[in-house]
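Comments concern the structure below.
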Amino acid sequence: MTTHWLPALVAIPIAGGVLVPTMSRRWAPAWGFGVLIATLGVALFLTGLLREDTVSYAVGGWPPPYGIELRFDVLSTFAVPIALVAALAVPFATHSNEPVTTPEGVAVILVGTGGMMGFVVAADFFTLFVFLEVLSISAYGMVAMSEERGAGLAAFRYLLMGTVASIVILLSVGLLYTLTGSLNMADVGQRLPDGGLPLHLAIGGLAAGFLLKAAVFPLHVWLPDAHATAPSAVSAILSGLIVKMGIIGLLRTPGLEHLHELLIWVGAASLLAGALFALVQDDLKRMLAYSTVSNIGLVVLGLAVDRTGATVHILNHAIIKASLFLAAGAFIHRAGSRRIEGTGRSMPLTTSAFAVGGIAAIGIPPTGGFTGKWMIVLGALEAGRWGFAVMILLGAVILALCYARFVVVVAFRPSPADREGTSEAPLVMLVPIFVLAALSVGVGIIGGPFAAFVGK
Amino acid sequence: MSPLTPGSVGRFTFTVDSVTIHFASLTVLIGIGVFVFALRGMSGPSGGGTARAAGGGRGGTRGRFLLTALPTLGAVLGVVFAGDLLTLFVFFEILALLGFFLVRQGDGARGAAIRYFWTMLVGGLVLLAGILLRGGGASGPGSVLLLLGFGVKAGMLPVHGWLPAAHSKAPAPASALLSGVMIKTGIYGIFRVLTDPATPEMLHATVFTLGLAGAAYGALRALVQSDAKRLLAWSSVSQVGVILTGIGAGAWEGSLQHVMTHASAKAVLFLAVGAVALRHGTVQLAGLGGLWRTMPVTFALSLFAGLALMGFPLLRASAGKAEIHHALEGVPSAEAVFFLASAGTVAILLKLIAEVFLGPARDPDPATRASEIGGALTALGLIIAALPLLHPALPTDMPYFVATFGAGTVLYLTWRRWGPAWPPVRIPSLPSGWTVPLPAPPGLPALPEARLQRAVERYAREIAPNLALLFVVLLAVVFVLR
Amino acid sequence: MTPLLENLDYAATVVLLLIGLWTVLADSNLLKKLMGLNIMETAVFAFIVTSGMIEGGAAPILGPDAAPPFMAPIPHALVLTGIVVAVSTTALALALLLRVHREFGTLEIDELRKRW
Amino acid sequence: MESILFEIVPELRLHLRFDALGVLFSATAGILWLLVLPGPRRGRRYEALLALSFVLTLGVGTAGNLLTLLMFYELLSLAAWPLIIHDETAEALAAGRRYLAYVLTGAAMLLLGLAVVTLAAGDVGFGTRVEVPALGIVLLLAGFSVKAALLPVHGWVPQAHPIAPAPISALLSGLMVATGSFGMIRLIQVMDPPPLAILTGVSALTVVLAGVVATRTDHLKRRLAWSTISQMAYVPLAISVLDREALAGGIVHITHHAFMKGGLFLCAGLLLHHLGIRHVSRMGGAARRMPWTMGAFTLLSLGLIGIPPLSGFVSKWVIGAGMAQAGAWIPLTVLLTGALLAALYLMPIVHTAWFDPPPSEGPQVDPPPPTLIPVLAAAAITIVLGIGAALPGFPLALARAAARGIGG
């Protein structure tokens, strides 16, 4: 099936983003929100089409494998959370004084969203690389938007690591091309040689690049600074969406089965290390960032034992982590600083949403966090990898303690005397938080059909 | 339905047969006597000094006593009428709780009451285990545990330790209830167990042996007491032994008769001592004497009850003892021990009556001289309690009575001449630093050494002589039975 | 084992790549790190372009006098895109470095660590 | 009656089911909740979570398959946590941390066990028996034993129970610990357990050791918490005997214990609130100042010891009868020892309160009816459930029906 809505998925946000700088400060957020909602509509429409068939589109009329192909498959349904989270982040940011909603900020977000859309629908490695760079550069820009001291440095470090990753990916794409003579993913998959050093170099390079983008331990060092210093709305996009692009890249990598043993160990290490690092953080956003590292580890582990479970988990985790970062943003906004002790006392709704998000992040049924984790545990057991199943659960226990700790900080510590008059977060913040929190539970309740859809 | 079916929870069944009627009528009669006594014999809310001395305890005692005693009687009746073991157990445990409150009402009865409670609790658990085992089909071990559980209540020999303390510390009417009625529930239970065909034969011999040992041992301990209530309490141990001997030997009718005798007579005696205490403020034999002049009715009733308990041949009461005695014939050793116990009983009662009512008057307190024994009600209470004994009969077993009476008199006179001069047994106190420092388990507070020291000393002082004596008696009995 | 000389182009890209990587990882000056990054990028571009090279091949532009063999067009496209990306990345990085320098007054890692 | 809802993960559904066991548990929860609801208001957070916990407890009671059971069970663990640390003292927070560490570790074991069981048998509903590897059952039993406070993993109870507000202690002791036992019963309902000698040993040890520790604990609520550990170990002990009657006893013990221990904790809360008494050694004369409260306390203590005809006796009797039938002498002995220990740690409290001289005299301060009535109601329930045990529709009948539905 082919439809012009598929290129529109990419074109709408990018075009919208390009237009933003021409607008006044006042209208930019509304415009951004509108564009993203439209994108969301397209994404939902395409997902609906997907029930029958994969949607594919040849750019410029050149048929694959020669031309540029866009293809909307199950993995591309990630477009929906992308559009959703981005759309919710924009109104969320309007209330705070964060510079996200300046025309430039909105433009970066829109272009980044477009980059992600392109990334998830790219059917050849060339397009994949291009959109990877679009979204990466937008991401560096998003981090740099923060006015916090050191944000520039964090963004630069992120850029450094991200670009190294891009270079490795580009090198590997080149290698793949020399090996197979094609860049189209389906083509490459078919023509892949059985083994040999060049193949391993190519696949290993791709995997290494994507793992670096996905911030897997020990390649995660750039992530906590970047995610924690960024404005909260941006953190939600970074942690919820952009690191997942690394995982989607991994899922697109052909011949990944050669690397299962590596992935399973790297994933387990990341899972535990992320959780342990999270346990010792004193800053909520840094804790959430490390929790992302841990969850990415789970997904990487899952890639080796149960791809469907891993896919389900990145979809769910995008929503969960976004809701958590937005809630954290609401706390910080009301507290006026990163010292958020006792803020939750006067913000019961936000605190509840945060708690729900935490429960989902730990992976307690019936929340979304459970579905993927369960499938991965089951996969690990089925593969006879007992230790890894135990590690996953251990990681969940540690993460649970992290979240509990911050629930205590937020809701059970006395708030400083100068912050007596704080109140519940404004509606424009609450609604995005609650939509995401409700979704993180709702997706879990229908986890079975959802996983069946993803596994198709 | 046999009262020995295990029963099931939530279903209370009751049964009536001649045995239950026997125990129930005795319970009710003695209960009435005790209540009538208590109406006057215990202080009201404004109770004075004499009431305290009578063992009345704190003010408001009478109300509290009646409040406890009435359900006690109900529970006793529940035990007796119970149609299955579970129902029996329910009332048994209620009885144990109420008994605690009865004993606790006495002055200085804290230790005795607590001891009573724990003994009853453990006894109850043993009983429960026995019931469950019997219900589970393990008839043999079940019966053993049942016997042990009932034995605790009855004051059977190895588990009698609570009885002297509790009976002597409780207020007088409570003692009368305890000795007259409550320990009979234990005997009732043992009677039911031993008359049950499922009970192993061996247990009959066991009960017989323990009863015989208890009869002799209780009598000996009673003889050397200087406190009237303690004397009576030890006498109860002895009499329970006699009854159990009878049950074990198969002299069931005689045993039941003796249950009646002992219940009634012991109630009268306890009430009489209570009446004495009411007037004179003491129950120490050394402080009393010559009361027959001031309390003739009490004296007469005590004498009557004493004679009944001794086995005076013209009373129906003697028939029970005679039957028990006959059941022993042919086993000379058992007969010898039984004779010793009977003579001991005579000596005890002679001692009590003689020391309290005869001899020179020692307390001519003018303030209390006027009223006889504290009012007509107390006298009436004694009379009601003595009613079961007022049943003349043809002389039975005359020679045996004469022999025991003679031996008892000699025994009493011997004690009278030399006994009080015996130096009291002294236990050397332990050298300090004797205790081994016990390491406390982690998480638990260290065992206080002073408490350990006290416990060891108490053991040495109280329990060890008992055990020694018990051991000697048991040895004698075993030797005799062979 | 292919002789090194025959693959001299590959060897050169590897050397370049390593030089760049070393600079990125080990140099303490942020600007030099960025330069290292650029060296890496150049190495990759060189690698991809050379992989599409065919001895004596013509430029892959269809025209009246075009005749096979052509050089592979896709690597060229890749590299062109890569260069664009590299330029924009570098521009952004330089802007970030300006900001860092304005905030902290230095680009030396050790100094930054002290002042953060 | 069953209702199958959403598919949470492939092949595992949310599944609700009403059977005798679940109804008994849910009804117990409902009535106990009614008892703890009166009392001082403690703010929005507290009320909301209390209501949420109630719903989740009902969920545990009505879960129809293993997944649903675990789901409500875990959510309940988490919902109870803010209630435990409600007072926000450093001590409470420490207790909360420990509680979380324990229950989450248990949860991890449960999830692993569920995974193993699911791999072998798919969706395990409580209606049919399944064959599963022993490892799965052992993991599940071990996971449940954390909540059931069996000995090596009991550590959260003596810390969390005393620190929580009194109504929460009552619920924790009455129901939270029971959810663990309840889970074990559900397991036995659907799978053939491996030989349970270890469970017997562990729970026997728990009964005795926790009882001994309770006798040596001066802090009133902590003593009650140790008592909970000791008393609730009856249930696994009864399960491990593998006798239907004993199992019925175990099931009914959950209900009976809930009301007795709930009432005791409420009494402890009233003592603390009105007299400021935390320790047993300070309780001299407390009964003279709060006769009604201590009257209820006394009655509930007697019930817990198992003095007939109170409800504690009924459960002990039924468990004991089953054990005797099965010829399990050692568990029977342990059962009775547990009762003796209960007397040893409860009776001194009662005796001190009624008979020992008070440290200071004062007027009678029995609480006002709204807070006093629940305590008296608990005592009344103890009596009614004891005397009326055999009535149809009473817990014992339900428990027997539940046990009949369980093979083995």
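List of remarks:
First chain written, first letter: the chains are A, B, C and D, and each begins at residue 1.
One rule holds in what follows: a residue touches a chain if its C-beta (ideal position, glycine included) is under 8 Å from a C-beta of that chain, and two chains touch if they have at least 3 such contacts.
Everything numeric in this text was worked out from a predicted model, so none of it was measured.
At the centre of the protein atoms shown, by the Cα-centroid criterion, sits D. Taking the mean of the C-alpha atoms as each chain's centre, chain A and chain C sit 28 Å apart. Per-chain CA centroids place chain A at a distance of 85 Å from chain B. The centroid of the Cα atoms in chain B and the matching centroid in chain C are 108 Å apart. Per-chain CA centroids place chain A at a distance of 43 Å from chain D.
Touching of two or more other chains is recorded for no residue of chain B.
Pairwise, the chains that make contact are A-C, A-D, B-D. Listing the residues of chain B that touch chain D in their complex gives 6, 8-11, 86, 89-90, 93-94, 97, 104, 110, 114, 117-118, 121-122, 125, 128-129, 132-133, 135-138, 443-445. On the side of chain A, the complex with chain C involves touching residues 126, 129-130, 133, 137, 140-141, 144, 149-150, 152-153, 155-156, 159-160, 163-164, 166-167, 170-171, 173-174, 177-178, 183.
Listing the residues of chain D that touch chain B in their complex gives 212-213, 216, 302, 305, 307-309, 313-314, 316-318, 320-321, 323-327, 332-333, 336, 339-340, 343, 347, 351, 355, 387-391, 394, 396. Of all the residues in chain D, the ones that touch chain A in their complex are 6-14, 44-45, 48, 67, 70-71, 74-75, 78, 81-82, 85, 88, 93, 96-97, 100-101, 104-105, 107-109, 111-112, 115-116, 118-119. Against chain A, in their complex, chain C makes its touches with residues 17, 21, 24, 30, 33-34, 37, 40-41, 44, 47-48, 51, 74-75, 77-78, 81-82, 85, 88-89, 92-93, 95-97, 99-100, 103-104, 112, 116.
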